[in-house]
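In the two complexes below, chain A is the common chain; its partner is chain B in one and chain C in the other.
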Partner chain A sequence: MSEIKGEILIKGGFVIDPAQNIDGDIADIAIKDGKIVERVSNAAKVIDAKGKVVMAGGVDVHSHVAGPKVNVGRLIRPEDKLFKSGVAHAPTRMEMGFSVPSVLKTGYDYARMGYGFVMEAAMPPIHAPHVHEEIHDTPIIDEAALPVFGNNWFVMEYIQKGEIENTAAYIAWLLRATKGYGIKIVNPGGTAAWAWGMNCLDLEDKVPYFDVTPHQILTGLMQANEYLGLPHSIHVHQNDLGNPGNYPVTLASLKLAEGVKTKNKFGREQVMHSTHLQFHSYGGDSWATFCSKAKEVMDYVNKQKNITIDLGCVTLDETTTMTADGPFEHHLHALNHLKWANVDVEMETAAGVVPYIYSKDVVPNAIQWATGLELALYSKDPMRTFITTDHPNAGPFTRYPRVIKWLMNKKSREAVLASMKKSDKVIDATTIHTIDRELNLYEIAAMTRTGPAKCLGLSSYYGSLKPGMIADVAVYDLNYKDMPSDPEKIESAFLRAAAFVKSGEIVVRDGEVLSHGHKKTVWVNPKMKENPQVKRDVTESFTKGYYTVGLTNYPVREYLAPHPFVIDVDVEA
Partner chain B sequence: MPKLITQVGCPYCGSSCDDIEVIVSDDNKKILEVHNACIIGTNLFMHANDPTRPKLPRMRQADGSMKEIAYPEAIDFMAKTMLAAKKPLIYGFGSTNCEGMAAVARIAEKSGAVLDNCATICHGPSFLAMFDNGYPSCTLGEAKNRADVVVFWGCNPMHAHPRHTSRYSIFPRGYFTSKGQMQRTILSVDPRQTDTAKLADIHLMLDQGHDYELFDAFRTVLKGYDIPDVVAGIKKETIVKAVDIMKKARFCMIFFGMGCTHTDGRNHNIDAAISLTRDLNNYTKCSIMAMRGHYNIAGPGQVWSWIFGFPYCIDLSKGTHAHMNPGETSSVDLAMRDEVDCFVNIGADAGAHFPIQAVQHLKKHPFITVDPNFNMASEIADLHIPVRIAGVDEPGVVYRMDNVPIQFKAVIDGLPGVPSDEELFDMVYERMCELTNTQPVWIAAKEDRKHPANISAVNEA
Partner chain C sequence: MATVTLTPTKTPELMLEANSVTPDAFAGKNAEQIATLECREGKTHVTIGDFFTVSGNAGATAAETDIVIAGDCTRVKYIGSKMTAGTVTVNGNADMYVGGWMKGGKIHIKGNVDSFCGIAMEGGEILVDGRAQNHVGCAYRGDWRGMKGGTIRIKGDAGNDIGTFMLGGTIIIEGNAFIHVSTHAEGGTVIVKGNVDGRVGGQMVKGTIYVFGEIKFMMPGFKKVDKVDLEVDGTKATFDHYIGDLGERHPKSKGKTVFADLYLKA
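What follows is the complex of A and B.
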């Protein structure tokens, strides 16, 4: 791979970097050969950032951008392209789609928003070559992918027998085989039950045949994760997603982290990341009594320091839901009667895809919108609370700037609330109208770059402007000292960065993509001594033919991740 | 010493079997034996030994004869011809790898072409039904490990996908199906007494072209309503019995093929089949799968969906965005209306498979065939460019009929000087960029995208 050479100086901007407790100081950021440095020579290219905000490149902790279910979403929804696609002009290629954008549009749009790293949130291991094919065709942004483990047969069998070391050895093998990043858990046990058309809605529901509970799967994988000392913690999509009255299950799952200690060398402090918490913070016992329990959930999160969350904010758009929570998608399809795609994956997982139209005039949707924002507004620690839309489930990632606008500006929230057909019902079921808090740019920077980078164990590379970091630097046209009174200007500034430097190369100016960048695929290589039993078990599943592919054709070949950025983990055990 | 290479993928049907064993000569030049493959797959491997395989491009001369030319000349001709055309049509891709499909997308976009694949004359109507109604499916391992009821609707895998029934659907012993065939109830819905129908526990020999009615009857019975005494030529008792079997299954698997997709009703048949699958999920677990024909015909649907958002019939001639409207932008319709002014046939045979009127129109304009072998499309072409055979002397990713990606190996060295599809299209793309004085867009730096040259290194990976 050709090295990125050259010097850049981002001059005179309001620098915001929570990693260094810098909040709006006027400073220069120097970049040399792809890294942030102390100083550069006079020959450096200068980006004038005077009167603008300078932050590290954005880090997305959870987004569905590459892989089989994303592509099913693209394939079954030609209407998502109609009148909703971009217009290509040199040097960019065609960029198609809105809620499930093509890989090119994905890369361009993240870059336009000043994002440099994106975590693909669910990779079915057998489909890993597909995920990597999409990743290497996605321009500019660095990407990693989390293989799903929560319904994996090996994992369930080892955990059922209480074999944490074997679980860890299997995880180490699979991360290497799939070039994956960490442990994703989606509806633990529930998706495995879905293979027989069933589900696990409660932590103590038994998984059919495997005789293990979601409780045991979560605890076992949390232990295995700390046994390995991976950069990221377990990344959990909990049981009973999206249903009225699910918040007690959410709290019960979060409580499993109590007393568990982290063990890693990557600066990570949490042992569990709870993703798209908005979908898990509901009260009521039916859609008629549906209400937000964001306050109750965040009260717990605020005091339990070893968990992190991301929001999964509903953006009130027509979008495409897609998740490895197969039974949920079947259930959702029964609610909205739109088309339904499903992919059950042998030995490993499942996935479903259903289009969904979030309308501000539909009371439960409006309550979901409020719930997502409430989570952020009730958070006492922005370094543990990250802005996402669970792209594209609650809305496309291109709506992050809109979510930021709502969080930074009470007036804009009130305008949405007032425009709802049944705003009185929404007010009855939520507390958003009582919250005066408006987040500031420092908190936004923590929630969109520094916090997620730390949570992923990547704080030595991303999420800060310290010398030595990868030079991902975003410049936004916002005056720190004189923020616009019009909230729309906040959204437009974050949607189209004034400049974005990715890995030391200027890829965006004034919201226009200039270059296809030098992207990287990030993956974790746990170095653990060979475990004969796991090796035998894995081999047997292939030779006995429970897998329908060959063992030597299963691991992702090197050339499919042409620009690897490998994080080695020495497992001490 | 001849070498044994195991777990080789087969470049024939949509079953994409990857348990083939191939014995090759010591110098990696010749395939000596092929084990495990069906007779068709075996022959495809053996074809690679054919000493008459084309090694150089051939250009049609003024007198109608074909003359061998050098690759640079062929690449230059292809680049110039496609750029000069107002609306080139690129069709094929049943038999190449995904690397080639991603590479061809670059030249299609550059030249403002229509990009289409064999689905346009095959499972295209199934795509239309998926656009309307979704696709509740699974991987083939799920069918193997769980399915106790398997329905073959308008398909005959015993002939079209010879190892499908032994690897995935009827005979194999899976995790929850350890008794194999003994544990499975097989239904066949086919107007003919096919070899698959002969294996079925119940053969519903429906009147040809009445699939939609029969699906409707199935759904009606499933929902507890009465139906006429005979529907689509099948007695009510038989329908009720079949539905009862499907409803009481632990895991019901429906495979459908051309007999369902390309009979009267087309996409509406598949729409009804998907609805039936969905309805069954209210009672038990049920999945449906299209019996895709070629070993990587699911590939272009995947690759182009992530690049352009559409699986087939992709009109890029607007230059700014892609547009799909089967009927308007589908290959045969474009050709029948004589709307394209250059035709590029890649890894398929439009000469053999398109209606003769369509081929006659296409023949009025420059006609380029990219294929490892001689076929009807190569023999009527103005330019035939040979490439390596994906899965035989070229590795790469292919998508099986269930959209599982399988990383195929190369078993022998390619013919000297003959490029892979990907290399050829990348060279054409570079030439197009030179001719238009534009910068090529390489997302994965090109020098890093070369395939591992060392076959044994791949096999050990």
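What follows is the complex of A and C.
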């Protein structure tokens, strides 16, 4: 699989690998020809990791980094690049942007943080060729993309008729056609309703025309996912995102996983991944009574073992929101009066983009900040709780190190809280000030690499330092035995890895990018016997002119993903 | 006060991006050190000394530093950008972004300026003896946070997009202006002594515009409410008072809706 040759020895670091229950043991990590191995020869290049922490490369379960929606963000926000476009220094090329960085900056910045795999969280199927072009142009990191299914006309029609097998066959076709990874669901039914200027804020709200409910869409897609036995579970952005008092809808959605069993050969244990849970964990009935319900939500998540979550932490930055949740973006634009872009994507989905400034002095923003951190601090299972910022919706991914700092260091959280203009109001509406917990490096490793890799069904390739794994190894300048008392040093260590080896190649030293690496595009190929009805339905949608393109022009051609890493799934029906 | 004089020695092949030609960057440096300050020409790094001879040492602070450019800067951008104090005088023309993001001090351009003069300015004064191209005192592309303070005076004509997204400060165009004045503005004052073609105050939320000449095409979103006698920039006259843009959202203050004001000399 890998064209990278050569041996590397990462020597004498504090190794942290939750997949092997290794927590700070001093050990060497050997790498040969792109894989982690038991031992290497004396000729191996040596990276001295003495006094530093060694982890597997980071795995990001949810980030918006490629495709038309991200590009709309870049287009409508030239000011996002102002004074943030440095001069290129060889071997890197020019980098631009902050909240919607250029593809080059995206690849470089993830690599600088020691991340090796990133999941693009929402691919509009018809625009999959564009998504793959951008993925290919993003250097170093391996990537995959989740096509959106939760408002797809075929899916809603099959589910309305209770046809799970047809739903699954359609999904299998679409994953192959788009070189997609799994099933993303964004505001199930609500985005389709948006075409009528409506929304689905409750699980039982009917989607106009299609006569299905978010409840049926979620359940149907969850069943289809397990029917196919995909590496990842359904990946859900729930209804009623971002509104006061939405946590009961969140809990009701999570409860749909109760009693559902996984069926897969990829080591995945969950049947539902609930993304950017921060945006879905609110109490109150207005912005005046807005409050955190992180504790209530996590009490449920902790006991319901077949779900995983990611945080979607608000980082208190000026950023760009972008989602297939079209109605939400319109709602946000009406709140902040900033520019708004809206796109309808044929029979498949929609998207909206609006800039947003999260201010620590605006009470609801400050409560959102606290809510995201509380979710992690209340988690009893770091292997099911992943650090994200729903990049760039709650903040740019380059703030992960800052989120890690806040989670590992109470003093740093309190400093932010104390600096807020209305900290008393924030304290009234949250519990963050009562939490003493400080996460340790082992828990951070679970939340940023081992856990997400397992959730994505990729634990045989990423997220661990076991021999046989892809050699993605990050070295951070942190002394496991003597952690810095200054929390800023935690952030700076995670922001600029002391070294990062990607697929067996040294791509970063002392936070500087040395190489464009050998990136791969990961996609899932479900092998399923042909389903004549679905084949006919798909063909008709093109021949009858429902789509604006022809069937032969729809799929992603090979040349758009020239370095594929294909995961075959044999569907046993 | 200390004066540093830059005398142009050659014309840049591309445009020279002279972000470091500011009293702030010069402060505390002697002529030799100033000559080594970095600029850019395209993607290459160059120095001030590559294009100018430098004479005189700067003062200890920006406020104690005067810069005189003794010649033409038609191909030099960003003169005085982000400066906070002191003065810059150009005895000739200047290219784009004169005084962009400037916070204080004074800039005097004795010739013409290209576009984006005083873009996103926060304070200080810019005086242009000649004319200006487009985007005087506007916001950066895409940004909704435009000029916040300070004064820009253009003695000649100006082009389009004057004071776009303006929030504060004053822009005076002593000649004529083309189109788009105070578009999307939420504050600030624009005075045009001559004529304007049109699109004056489109989508304007708050702020004030005075036009001494004619507006060839009035925006339909402005409504005449009364006639007032005013003294504007030293001239006493009677003005027709319009409010608008009625097609745009407007904030309320003490129960009353706040509109943008447009005064057209009667």
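Just so we're on the same page, the second predicted complex is superposed on the first by the 569 of 573 C-alpha atoms of A that agree within 3 Å, B and C clash if a C-alpha of one lies under 4 Å from a C-alpha of the other, contacts with A are read in each partner's own complex, and residues count from 1 in each chain.
Criterion: contacts are C-beta pairs under 8 Å (C-beta built on N, C-alpha and C of every residue); 3 or more make two chains touch, one makes a residue touch a chain.
Predicted, not measured: the structure shown is a model, and the values here were computed from it.
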Touching partner for A:76 - first (chain B), second (chain C), both, neither:
both
Quick one: is A:197 in contact with chain B, with chain C, with both, or with neither? Answer first, second, both or neither.
first
With both complexes superposed on chain A, which partner does A:343 reach: first (chain B), second (chain C), both or neither?
first
Just chain B (first), just chain C (second), both, or neither: which does A:88 touch?
both
Chain A: partner with more touched residues, chain B or chain C:
B
Applying the document's definition of touch, where does A:384 land relative to chain B and chain C: first, second, both, or neither?
neither
In the overlay, answer first, second, both or neither for which of chain B and chain C A:179 touches.
neither
Residues of chain A contacting chain B in one complex and chain C in the other
76-78, 80, 87-88, 338-339
Using the touch definition from the top, list the residues of chain B that touch chain A in their complex.
6-7, 9, 18-19, 98, 102, 109, 127, 130-142, 144-146, 167-168, 172-176, 250-251, 278, 281, 284-285, 287, 301-303, 305-311, 316, 319-322, 324, 397, 399, 403-409, 438-439, 441-445, 447-452, 458-461
Touching residues (chain side chain C, partner chain A) in the complex
40, 43, 45, 140-144, 249
Using the touch definition from the top, list the residues of chain A that touch chain C in their complex.
76-80, 82, 87-88, 337-339
Footprint of chain B on chain A - complex, ascending:
1-2, 66, 68, 70-72, 74-78, 80-81, 85-91, 93-97, 100-104, 107, 126-127, 129-130, 133-134, 136-139, 195-197, 209, 330, 333, 338-347, 350, 353-354, 516, 518-519, 545-553, 555-560, 562-563
